[in-house]
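Below are two complexes that have chain A in common, paired first with chain B and then with chain C.
Then we have the complex of A and B:
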């Protein structure tokens, strides 16, 4: 009897342990999945936020067409893809290259153009004017995509150009395409940081950000630096747009709208004008959204409400951003 | 000689005066639907179908009036919908309206039409409250509601052996309604709803909700909402390696859903009021006439209903004259009136009571009626069967 009872107890213990470890495993694999989703989102937000922070750094302006530049970039990439398919190019590598290059280069051009036409002429005017001008410019851009892209009012299917192999550990799924996008995004952020810190162009951008007048007297071509900064920031947005397309396999004319608002909030949250702040803000916002969808007991429909509310609270706590703008390290 | 010349002149004069009188009076009908935005394909299909009804009516020598369709875009947005509804209602030259595909818009404009006294027939929106929340004599509907739709949906899926669902729905009245009625019929039949997520109607990222859903390990992900979100959710399910069956509502039954997903659409199940055009009593006639007009876009799922609504209004006006009040009175008595979508009978809420529901499944890039599909015959299997 006693031995039998002991056996039963041991069996039960083993059962309980298995259940416990399975439960813990479940929690871990789900957590890993959330982190993975959050990292992808955070990276996209950070890329958009970096654009806002660059523009604000050099000119003290908020360029509100930024989200729509992102959309335009994704659509430019999609057009390049369609053209290649039409021309009979079937291989994914040249397709991907064409999509990324077309998107980033054309948006760099568009960004510089926006800077030249909407921002620079309004330099003497109150900052509110620039904000409004770019906001309207962005709306015009968005409507143009909707009206003139064939079927532009419908969601467009974005091709999966990256290898789609995936590994699953219980309920955690790691996809190769996501991994590649994260690597590319991180390299881009690190690369930009190196350009800003180590190159003459970076030095010029930082000089203009710090003090326009002094920079001019040192022989820096102010307009050129500003336009280049707009080109770089817009190319980043285009890259985020392509990433968004590859990640969701779907783009639409409104893709950039919320991404723009979130990117701007992330930049403000981190501290407008601060490089690290934008990156931190982007990931923080993604984290808040994920937390909002997962941890709140009520409907996940409120995850954006939750994330934005926390951002507002954080901003009242630290009005100049989490990493406060230090003039010397601006951009 | 002079006499004959005078006679000729008089005859000519009489002819000139009489010509316009002999021409029929023009009567205006409004068509309202989403002509731009994510649901514009269905809106344009509906508009073309209503236009077809008007064209055929005008070609009919027995028609008492010359009809003109005033086309208005509600963008599937309630505020825009109320604006255009007010425009149509305030324009006294418009006698009646064929109105709305999107439930959110249709429910928002009910009050407007009631206040302005414009008789309308809804051609696509399925929210029950549109006809049932009030007893307004102006509001009618030719298509069935989501109550019938979800009852059929729950029964069919339970019969396939599915028991565990996770529901994702948009937080509009359309999504919430589907959530409510599907939950009601699925649980009544022994099914379990493991999780229920509301999402905003323009949300891009569903990975957080879907990861949570994955943790609950459902057999089916039920989505109550429209095509753009449906495409995103189905695509992101795949990204997260969720191998559950995807089930949608009438909101995803469109060619755009399949175009947006490609091979991933295969095996997706959805339900809708009425039947595909070719299965309808007057389907063959409708499709032939539609093809003759060479419209640039297909009639889509609800085209026949827009056609039937427009035709019913014009036939009624032919009978009682182009007056809003008499048209409303006449519509209240519509009973067993033959149409291409089957006989139409309005109950005391203006709801067509004869509403067939069709189950559909995507097979080789096409929406196929469930009973005709290889999924029903057992040649292909739904996920997890």
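Then we have the complex of A and C:
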């Protein structure tokens, strides 16, 4: 009887321990899930922010159509997908390649075009004019998608082109498609950093960013470098747009506006013109959003309100970003 | 003032008011889309000819700007009388005037002090929501309108410190972030009606409800006629206020702050103080316009205060020519009325305006009418 009782107690204890560890485990799982989502979002924001920082680096302008370029990239990719399906190509790998290549290449062209038509002619005008011109150019782009893409005013379903396998550890689910996207995003960021540091083009971009006049006298084709920078930045945004579509399985003509503002906030938080700053700012913003969702569980709808409030506060504290350009005033 | 100059002033004012009134009448009364287009082209041609031949500036000079304001006010009254039973036209007129008031607020901020505000629609919304919440209580409605302005200024004061510490792109980003934040906040906030928004009662003045049709002097007026009159009064008051500000030493200080902060500071002009003044005056104007607009429409929802709408307000400023009140008024009327009168472009209006603004910025950065140069010691400004 006594032995039996002891066994029962031990069983109870084991149960309790399992429950306890499951509770702690659940918290860890949840945390891991949040971190995973945060990393995903952070990479997306960082890619957008890198564009802003590149443009600001070479020309000291803010190209605000950037967010809408992102949307246009996603829609270009979707069009390529529809064309392939129409042509009878069913396998996922060529589809994925076509989507990514169409999106990035067409947006590289569009970005260079925007730079040529909206930004370069306004050099010498007040900086606010460039901001306005690109804001309005972005609005025009957004409206074109809404009005002229078939069904563009409704959210469009984005196909799941990546393998959908997933591993679950208790509550934590690792999805292969997310993992692949993260790897691709990281490779892109690292690749860009290598291009900027190791290639002649990167050298030219850095030279123009540092001192336009000197770069010109050293025989650097200023316009070419600027337009190439716009092409690279816009292709990054298009990639982020495809990532966004694959992640949420849906794209919307207006989604670029918010992503653009988030990317710009991220770039500003990190300090416009700084490569590391843009990446840092992207993850910081994603962290803020995630923190907002976790810390305010009763009001997770307020996560964007929280994130933007913190952005405004941070900018008040460090007006030119965390790794800021130094604004000296000379008379 | 000699009798002859007084006579010239009256005649010139009458001429300006009559021509403007006739053009506005022709535009508002036009039924077919072709007539609307013809009237618009005619108006643009008339203004361009008047400017080129220097007739228009001379007329304005002879009349004196205050007299022109009075003349335009009279023209507004006549238009209200003419369209007394056409609620659609009256609503259009009132809306354009209220948007004009909001743009005057932005004008003080951007054109005078050089502070960008891409959250104009948000401050308009603050005014509207204040009117919706306070209008239910027993507060007299004129006070509610004042409170709308005060609330917009108060909410704007939250942004003062961030805006003073930043400038250029960074300041622009802060207002954009605030505009998005405000709209998201409204959408998720249940107390303020969430995405469905709030309903409002109409404006009441000394027991007289503006919403009811009413017989006055033997004419049956639609309820909107009274809102229109209120909007005319508000717009005139706002133009008068902005002109007073600009033509005083405040205006000189604001110009100095906009043109060169460092030089202004060297001359002992407190940059912070004047930026705060411009932001507060501007937001208060926007808020009052938002309050009256909400009362007139009787309903507000977050969707009325999108970033897109803020951009429309800024576009009006740029299309009219930054710093020019006459251009601003013309641009406000065109931007608000044209899509309503030309139904086929209604759907395409954002696209149209955005392309127009881009073209203006690239080809003619001064806007429709160039900013006039301050003549401190001249007798009359053009």
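Observations on the model:
Everything that follows uses one rule, which is that the second predicted complex is superposed on the first by the 306 of 331 C-alpha atoms of A that agree within 3 Å, B and C clash if a C-alpha of one lies under 4 Å from a C-alpha of the other, contacts with A are read in each partner's own complex, and residues count from 1 in each chain.
What we mean here is this: a residue touches a chain if its C-beta (ideal position, glycine included) is under 8 Å from a C-beta of that chain, and two chains touch if they have at least 3 such contacts.
Everything numeric here is computed off the predicted structure, so don't read it as measured data.
In the superposition on chain A, contact of A:301 is made with both chain B and chain C.
In the superposition on chain A, contact of A:258 is made with both chain B and chain C. In the superposed model, A:320 makes contact with chain C only, not with chain B. Of the two partner chains placed by superposition, only chain B is touched by A:41; chain C is not. Contacts of A:217 after superposition on the shared chain: neither chain B nor chain C is touched.
In the superposition on chain A, A:166 makes contact with chain B only, not with chain C. In the overlay built on the shared chain, the residue A:154 is in contact with chain B alone; chain C does not reach it. In the superposed model, A:91 lies in contact with neither chain B nor chain C.
258, 299, 301, 304 are the residues of chain A that lie in the contact sets of both chain B and chain C, per the superposition on chain A. Contacts from chain A toward chain C in the complex involve residues 62, 117-118, 121-122, 125, 127-129, 131-133, 135-137, 139-140, 143-144, 147, 257-258, 261, 264-265, 268, 272, 299, 301-302, 304-305, 308-309, 311-313, 315-316, 319-320, 329, 331. Put simply, chain C touches chain A in their complex at residues 116, 118, 159, 161-162, 165-166, 168-170, 172-174, 176-178, 180-181, 184-185, 187-188, 262-263, 266, 307-308, 311, 314-315, 318, 347-348, 350-351, 353-355, 357-358, 361-362, 365. Residues 26, 30, 33-34, 37, 40-41, 146, 153-157, 166, 168, 171, 173, 175, 178, 244, 247-250, 252, 254-255, 258-259, 289-290, 293-294, 299-301, 303-304 of chain A are the ones touching chain B in the complex. Remark: chain B residues 36-38, 40-41, 171, 196-200, 202, 204-205, 207-209, 211-212, 214-215, 227-228, 231-232, 235-236, 239-241, 256, 259-262 touch chain A in the complex.
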